[in-house]
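Here you go, one structure.
Chain IDs A, B, C and D follow the sequence of writing; residue 1 opens each chain.
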Amino acid sequence: MTKLSRHQMAWRAAQDIEDGMLVNLGIGIPVLTSNYLPPGRDVFFQSENGVIGVGPEAAKGQDDPNLVDAGSRRITLREGASVIDSSWSFAMIRGGHIDVTILGGFEVAENGDFANWDSRVPDKGPLVGGAMDLAACAQAVWVIMEHNTRDGRPRLLERCDLPLTAVRCAKRVYTDIAVIDVTPAGFLVEEIAEGISRDQLQARTGAKLAFAPDCRVLRAPAIDEAGSR
Amino acid sequence: MAIDKRVSSAAEALAGVRDGSTVMLSGFGGAGFANVLIRALREHGAKDLTLVANSATHPLSRTHEIVESGQVRKVICTAARGRGKELSPFEQLWKAGKIELVCLPQGTFAEAIRAGGAGIPAFYTPSGFGTELAKGMEVRRFGGRDYVLQEAITADLALLRAEHADRFGNLSFRYAQANFGPMMATAAKLAVAEVAEARHAAIPPEQVHLPGVYIDRVFATEAAGR
Amino acid sequence: MTKLSRHQMAWRAAQDIEDGMLVNLGIGIPVLTSNYLPPGRDVFFQSENGVIGVGPEAAKGQDDPNLVDAGSRRITLREGASVIDSSWSFAMIRGGHIDVTILGGFEVAENGDFANWDSRVPDKGPLVGGAMDLAACAQAVWVIMEHNTRDGRPRLLERCDLPLTAVRCAKRVYTDIAVIDVTPAGFLVEEIAEGISRDQLQARTGAKLAFAPDCRVLRAPAIDEAGSR
Amino acid sequence: MAIDKRVSSAAEALAGVRDGSTVMLSGFGGAGFANVLIRALREHGAKDLTLVANSATHPLSRTHEIVESGQVRKVICTAARGRGKELSPFEQLWKAGKIELVCLPQGTFAEAIRAGGAGIPAFYTPSGFGTELAKGMEVRRFGGRDYVLQEAITADLALLRAEHADRFGNLSFRYAQANFGPMMATAAKLAVAEVAEARHAAIPPEQVHLPGVYIDRVFATEAAGR
């Protein structure tokens, strides 16, 4: 079975970003997608701390402690960028001006319910940040996550077990073994990794899967992760 | 009398701050923390504070100093998780029941502060609906969608960081330094800015990011300027 | 009886503007007050179109069609001025950041109810502008108006007849013959024009007047109105 | 494909606008009227429009042209009184029952438009409480004061005026030209700006007053620039 790596999952999601979109990337795997945009697609990345037009991370020595993204990375700006305050930034997010947000996730339910903020680590304080606003309000919510937990339990479920980030919001899930749309009728598999059967995929999933008529093989190029951020 | 909001020490910037105050602290993503004033607040010693800050545990903020010193009884924030496996000072005090915690979605947090400064007592937002953070909140449907009612947040004191100030209190921010600072200044009775440089001469109108009418005191951490 | 002229009423109100205040002036007589600030008082005038720090009107030829106040006058900026959009401007007004608004008025009631926006001119369209926000939300509302209408009816009343601009908001009224505070107990006369008795003032007023223990004579200097704007 | 939101004619700027649209028009105090686009809207001929504009009768705006041409069925504004004793075209049509009118306090008007662009379906405001304009509005008490509930305003089209644009749609305004323009752009499905000059090169980040992500089309009325 050909599982996708973290970078390959990011690459796969990046292929679906359309020209001209305004995109917000969550921390973790999602932020990697900006490295894998297909050539010719001109995209603005928004960071919820108010940066519109996040560019690559700044080179050491050319970084500015005030030019950061929501994940505290020292960044650069792309051409045409601007910076707004948090009130404006969340007005932009809540107002539905973000075309796509790509978020890491813990669980997605077949009705689109989405859990990514509270994994119930005992004793640790809560950390929600902008996740609920992004998940509830972006025009599309794409989730990148491993298909199963480390101990093999499914993350795609009939109902989420973990506390929700937002209800009925997830539109598409990119896992290491499949690309799955969340439709009004439930999960619809669009792509499935090489060497895994439909039954095997179903067995690793906690809700009923349907398969698109043109269900394709999930492929990603080899990526030299040492050379990428 | 000519207006001049510049003060010459961090202690002077916090003169008159009382026990029991609600204090807003700007800063997000590593930028905009008023760390000089936060330390001054620790030295000031005001107790029984309610903090309104995006994060209770950001490693680049000195918020932890006033948490560790026991000055804080309540935190309203969006992030309260320390980075390591061990509990942060905030998490320890919170688990021990010494600090009360309210966690809000960040957009709700930002908008509630804006509302506080803008005379809006409450507003409806879609963020958080159907989640644990919205438990107990009033829900209402508009146009076929469910929203929760959030009340405004105001404060006695706001501490924010900017790049430049003038004697009128006008501020300009550098890149993502602004974040929550401008709204916090509007929502607090006393708004104090620390800046790299504070000049006597006015910032040109087109370079003012926050009008000085919102700022009560300015403290220059690097150069007083003339 | 020494009645104050329009400019003298503006002068009188200007004497009460304190150092460092943020002040919004309504069109008509109120806007004249900016000419009569006592020396040494450093004040910012806000105009609800977003100008903070309105200066004198621009000289012909040095005006800019984009540098205007809410009354469409071409203005200058004072030192330390800035300009914000309408959303910010009314956030400032509604948020209680205006120390004083000085407004023209039709009627003030003894409980502070205030009417200045709809004089019931038949057939004309409504014009409210920012009056309701200013009257409801400024820290103090001062009203400048003639004590009586042209046909002699009182403008200070037990209850307003005209449609209200805001409830219980007026704090002080400057008329051509008196300065009157609106207190929880009703109207309290602070100053009364030379040559008019308390009884005469009461006769020209539509609600019960009380008189301050130190009730003074209302005086204003002679003003060459041709030389002033 | 490289983003370029500049269009070469006012007609192109309004392509696709439909009958029955709600149209926001910026401008206040004589500044910020998109008068070239307003005339183009008259020439476009879209009918049955709802206008959202601060004034229905400002002498420096060309709003009256689309009123007189009979394209408008409803106006949401804060000022609808002509200056003279004779009735303005708007007032005549309103008195004749040909145009519906909603008059709001200006702060409520501004905030409702901001809310429309900011995903806030409704908010409470003190302005207008106890007046004829708040008749029938829901009232609620917060902290001992009465407020009215105002719903957000959104639109199909916003026409605004700025000074400079770049190909990304970033805008910078001159002095009081901005007024309602930025919020209207956020609240409309299609936001079109007319500007004195539109360049290919980006406006520097610190000079951008409205991010281009809110603007769909830019038309330069004076010089296309490069």
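Things worth noting here:
Heads up, the rule we're going with is that a residue touches a chain if its C-beta (ideal position, glycine included) is under 8 Å from a C-beta of that chain, and two chains touch if they have at least 3 such contacts.
No experiment lies behind these values; they were computed from the predicted model shown.
Minimum number of contact steps separating chain A from chain D: 1. Pairs C-D and B-C differ in how many C-beta pairs touch across them, and the larger number is found at C-D.
Between the Cα centres of chain A and chain C there is a gap of 56 Å.
Distance from the chain A centre to the chain B centre is 30 Å, each centre being the mean of its Cα atoms. Measuring from the averaged C-alpha position of chain B to that of chain C gives a distance of 35 Å. Chain D has residues 111, 114, 118-120, 125-126, 175, 205-206 in contact with two or more other chains. Shared contact sites, meaning residues of chain C that touch two or more other chains, fall at 83-84, 90-91, 93-94, 137. Chain-to-chain contact here is organised irregularly, matching neither a line nor a ring nor a star, and falling short of all pairs touching.
Which chains touch which is summed up as A-B, A-D, B-C, B-D, C-D. Listing the residues of chain A that touch chain B in their complex gives 47-51, 64-72, 74, 83-87, 89-91, 93-94, 113, 118, 123-133, 136-137, 163-167.
Chain D meets chain B in the complex at residues 111, 115, 118-126, 140, 142-143, 145, 147, 151, 175, 205-207.
Per the touch definition, chain C reaches chain B in the complex via residues 19-20, 22, 40-42, 44, 46, 52-53, 77, 79-84, 90-97, 137. On chain B, the positions that touch chain A within their shared complex are 28-32, 54, 56-58, 60, 78-82, 87-88, 90-91, 94-95, 101, 103-108, 110-111, 113-114, 125-133, 163, 173-183. Residue ranges on chain D touching chain A, taken from their complex, read 1-3, 114, 116-120, 166-168, 170, 186-187, 202, 205-206, 208, 211-214.
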